[in-house]
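Heads up, the next two complexes both have chain A, just with different partners, chain B and then chain C.
For the complex of A and B:
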């Protein structure tokens, strides 16, 4: 079944070519059908690949350039269950977004569809590639498509600024990544990940490898919007059309993390795997991101910005899971990605429906306007609960596995902080839902800052289609924690993903892999501790949402004291998210220098 | 952030990064002391195995052909993106700039020479890409540049055929899609994607290197048309049509 991996790239690219090239010739219906079919076929092949990858890594050498005496000449896609699963999730989210945009975006629809398909191909290629430079090619390709999609409503100033901030910050990331490639290639003379890893496993690593790792990881973390590299994300999400947000927030931002995991366990595990320094830095970056983004989400009134920070919060939790350098942690990150991608996409779809109904996207402007829209309201509530991680709903199973990983590696103190992050972001979403769909709370709140410009355009849409797509995404996301056998398979996939020598032997020497013992098909249960944390986070989020809604009814002394303590840090936080791209690049430089400095101190010698 | 604060953060960070970079450079092999087997192996195998005397092309279009496919689509997506962002909805906000028909014969003569020479050089770069230095990417840029000179020495009307999107869009599709279809053809024949299917021919002649020639041609079309599409978008956005008295002259 080695013929499947290239199809996941070739089908969407050909679809894009047909959509854009035959724009003036074929009727709209044919074009729409073709675009959705290309995306759906990619998803179907990804599932087929997932099924075949369970027993061994599916390796495809492009051009038939197999390895000669263990030296990789060509480029390979090496696909395990984790990469295939990623492609399947990406395919589902992009297909849903394309269905949603059939009526949502009428003008320039062909260019939009073509760019979405190009982004789909690039993400699948990135998830599967086993070659360092090839990773860079897909990274840049998805970036170029995403910049243009972000600036879609170009007649207004906001989208142009958002897209420019996005392009410049991520361009710097690509530049860092490229220098990292050059350094590693000069040192090892290889571009294949397995071969670089093998070369680096002999002899001391030295400054070159440490700095190359810093550059590669920071480049990916800019893509993944991890604090302090995250500042572009809210600007870009706030201005992009809802279906683009669903793809950006659901899958494209998270994919940077998969790059980090892939590079660590194929390359940098060899020289640095004996210690915990690399993992601990990633863990700390993840923790800071989870909590800070949770707080920022609570301070937003623009629904898309709020969702953007909710995405960043979950990215932080996933990065922490990866940074534990443990199978349970990585499996948790995988399952969180799955649930989070679908739920986030669903919530962006609901936000798009609100915007269509009321031409508003601001929580306070929408106060009470959603009364009576029971289906979108239910989807919003279910999505929010799923993103908090209430026991056995949505991201819960993934979060529980990360808890187990943290206990394994002796860092139990991270668990509480990670749950705090998802509770904070969840509280913001709950508060917004209650205010919009139930009309609870005050119609004005100075804590949430100034309103942003509203997009005034009206559209003619098939509303049931939008609602249907949103509900589908949320239902799929909510059900993740209850799928029998999924947890066990994620753990097995994580074990395989972390086995550097097994991967290298499979890729470079075509060695067979030991088939897995039969995996059980039961619902995976988590520890009692996770149950308590999940329940606690839910109650905390509901309480905090209530405070957000009825802040004015707090006793006067409490309100004054809270205002005094919280106002200065909040204004500093807001000041940091300035919207000025020069600041963003400055923070990228600071983040890269500090990360590199810490690794240089910890790993040298 | 104020300018001063930004500098206070940026300067130490850049100094730190510079120090780390200097430290990492000490780990590089000395000049001329290439470590890996990759370059040596490629230099040895491309000519005998693929009959392409340009090893760079053999590498980019065969051994690492899928990278080049991705890069071609980066250009493709960039052009789609520019078209998307510069699309004309309201018709307002244009930069007004009149253009006149050129009246200097000397410039026109130089232009004609440039067009003729540019087209020849471009076609040669594309066609002989796998034999001598060149290839679809640089050749395509030269071709598109030569065509743009027509705009410089002629008028809107002379250039009109080269900005017709109804022709350019399908052509661009053929260039970009041709690469993917060549790859899929190998897959359908039961071989890995982008396998060099066709006979490798006589080394050093135009009939050599197998599907490298086809991929190279596809890239040449894709790059030429991509640039023409870009020029068309820019011209449409920034240049208003000739005024009647100019058009009449």
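For the complex of A and C:
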């Protein structure tokens, strides 16, 4: 079955070539059908790959350059259940986004479809690659497609700013990654991940490896929009067209985290796996991201910007799950990725529908305008509840498994903070939903800052199609925690993903892997503690959303005291998100230096 | 082994980043990005360099003749291609920024914040 992995890249790339090349020759219907078919076929093959990756890592060596005596000569795709599952989710989200954009972006050139397919191919390639330099190439390819997609509608300054900030910050990230590759190659003489890991497992690691790891991880964390490398994300997501946001926010940001996990468990687990220093730094970055992004989400009035911060919040939780360096934590991150990708995409789709209906995307401008749109309202509510992690809805199971992981490795204090993050972001989304679809709350709130310029363009769309796509995404996302057997399979995939020596033996020596025991097909239950946290987070989010809506009705003394304590930190936070790319690059440099310094201290001492 | 190429690579990287962080002109900024990127070319070539090594063309030469590492050259070439694409895109966006606002100062096109 080693012929499947290359298809996940080849099909969308060929589709992109045809979409771009035959633009003026074929009728629009054929074009649309071709593009959607390419994306759907990629998804179908990803599921087939998932099926085959159950027993063994599926390894494909390009051009038949097999290994000789355990030395990699060629370049490989090595796909386990986690990578194949990622590809399947990416395929679903891109297919939904393409369906949505059939009418939403009808006036856009066919290059849009081509760029989306290139992004799909690059994301799949990144998830499957077993070669360090290939990771870089896929990373840059998806980046370039994404910059172009962000600045796709350049009729206002906003998209230009968003795309410029995105391209420059991520460009710098790519260069850090490239330098990290060069250093690691200098140290090990290998580019194959399994082989680098094997080489580093002999002898002490030294400062060079720590330096290389810092550059590689920070490069990926820029892509993954983790604090303090996250500043570009909200600018880019606020201006990109909704279907593009669904892809960027739903799956592309998360790709950076998968890169971190992949590199850690194939390479850096070998020299640093005996301690917990690498994981703890990632855990802290994740915690800060989750809480800070939750707060920032609550301070937004632009729906897509709010959703962007909600994405960052979940990114933080997933990074914390990975940073626990535990199977349950990684499995939780996987399940959260799955649910959050679909739900976030669904909410971006709903935001797009509101924009089409009312040519507005601002929570306060839309006040009460959504009354009577019951289907989008229900989708928004379900998506929001799913993103908080109310018991057995949406991301709940992911949260629950991360809780288990935190207890395993003796860091139970992270659990509350992670739930706080998703509750804060959820409160913002609930507040926006109540204001828009129910007309609750005040029509103005100075806490939320100035309105952003809005795109006044009218669109002629097939509205039922947009609503259908949005509902599909939300329903799939909400159901994740209730799919029988999914939790157990995620844990098994995480175990396989973390097995460095098993992976290396499979890739370099073609050894069979230990076959899985039969996994039960029941709903994975979580601890009672998670149930309490999930319920508590939901109540907290509803309460906070209520305060957000009716802030003026608070007793005067409480309001004054809260304003006095909260106003300075809020204005500092807002000031940090300045929209100027020079500041962002400075934060990247500082963040990289500090992260590297901490690792040097912890790992060398 | 000479440390000079490594020092040059580090200098290029830092000075390029400084340029990106302080630039007031998008075109200047794009050039600063290529300076940063150049540090990885220098580093890669320094890593693969072998003293008195030949170019890595192995046809008709004796087995065991020292040659520089061909892999890093392939990596550098790929790196160049990638960098050109990113820079081209930023220049295109700079053009759009100028068309829409008459300026290419990243501080002045900062429309969204907070």
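General observations
By definition in this document, the second predicted complex is superposed on the first by the 603 of 605 C-alpha atoms of A that agree within 3 Å, B and C clash if a C-alpha of one lies under 4 Å from a C-alpha of the other, contacts with A are read in each partner's own complex, and residues count from 1 in each chain.
Just so we're on the same page, contacts are C-beta pairs under 8 Å (C-beta built on N, C-alpha and C of every residue); 3 or more make two chains touch, one makes a residue touch a chain.
None of these values were measured; they are calculated from a predicted model.
Contacts of A:157 after superposition: chain C is touched, whereas chain B is not reached. In the superposition on chain A, contact is made by A:574 with chain C only, not with chain B.
In the superposed pair of complexes, A:148 makes contact with chain B and with chain C alike. Of the two partner chains placed by the overlay, neither chain B nor chain C lies in contact with A:335.
Set against each other, chain B and chain C differ in how many residues of chain A they touch, and the higher count belongs to B.
Of the two partner chains, neither chain B nor chain C is touched by A:361. In the superposition on chain A, contact of A:452 is made with chain C only, not with chain B. In the superposition on chain A, contact is made by A:133 with both chain B and chain C. Look at A:64: by the touch rule set out above, it reaches chain B but stays clear of chain C.
Looking at the shared chain after the overlay, A:73 reaches chain B, while chain C stays out of its contact range. Of the residues of chain A, those at positions 133, 137, 140, 144, 147-148, 151, 154-155, 163, 183, 185-186, 191, 578, 580, 582-583, 586, 589 touch chain B in one of the two structures and chain C in the other.
On the chain A side of its complex with chain C, the touching residues are 133, 136-137, 140, 143-144, 147-148, 151, 154-158, 160-164, 167-168, 171-172, 174-175, 178-179, 181-183, 185-186, 191, 234-235, 238-239, 299, 305, 449-450, 452-453, 574, 577-583, 585-586, 589.
Contacts from chain C toward chain A in the complex involve residues 9, 13, 17, 20-23, 26, 29, 33, 36-37, 39-40, 43-44, 47, 71-72, 75, 78-79, 82-83, 85-86, 89-90, 93-94, 96-97, 100-101, 106-107, 109-114. Within the complex formed with chain A, the residues of chain B that make contact are 1, 6, 9-10, 12-14, 16-17, 20-21, 23-29, 34-39, 41-42, 45, 62-67, 69-71, 73-74, 76-78, 80-87, 89-90, 165-166, 169-170, 172-174, 176-177, 180-181, 183-184, 187, 191-196.
Taken together, the chain A residues at the contact with chain B in this complex read 2-3, 6-7, 9-10, 13-14, 16-18, 20-25, 60-65, 68, 71, 73-75, 107-108, 111-112, 114-115, 118, 121-122, 125, 131, 133-134, 137-138, 140-141, 144-145, 147-149, 151-152, 154-155, 163, 183, 185-191, 206-212, 214, 575-576, 578, 580, 582-583, 586-587, 589-590, 592-594, 596-597, 600.
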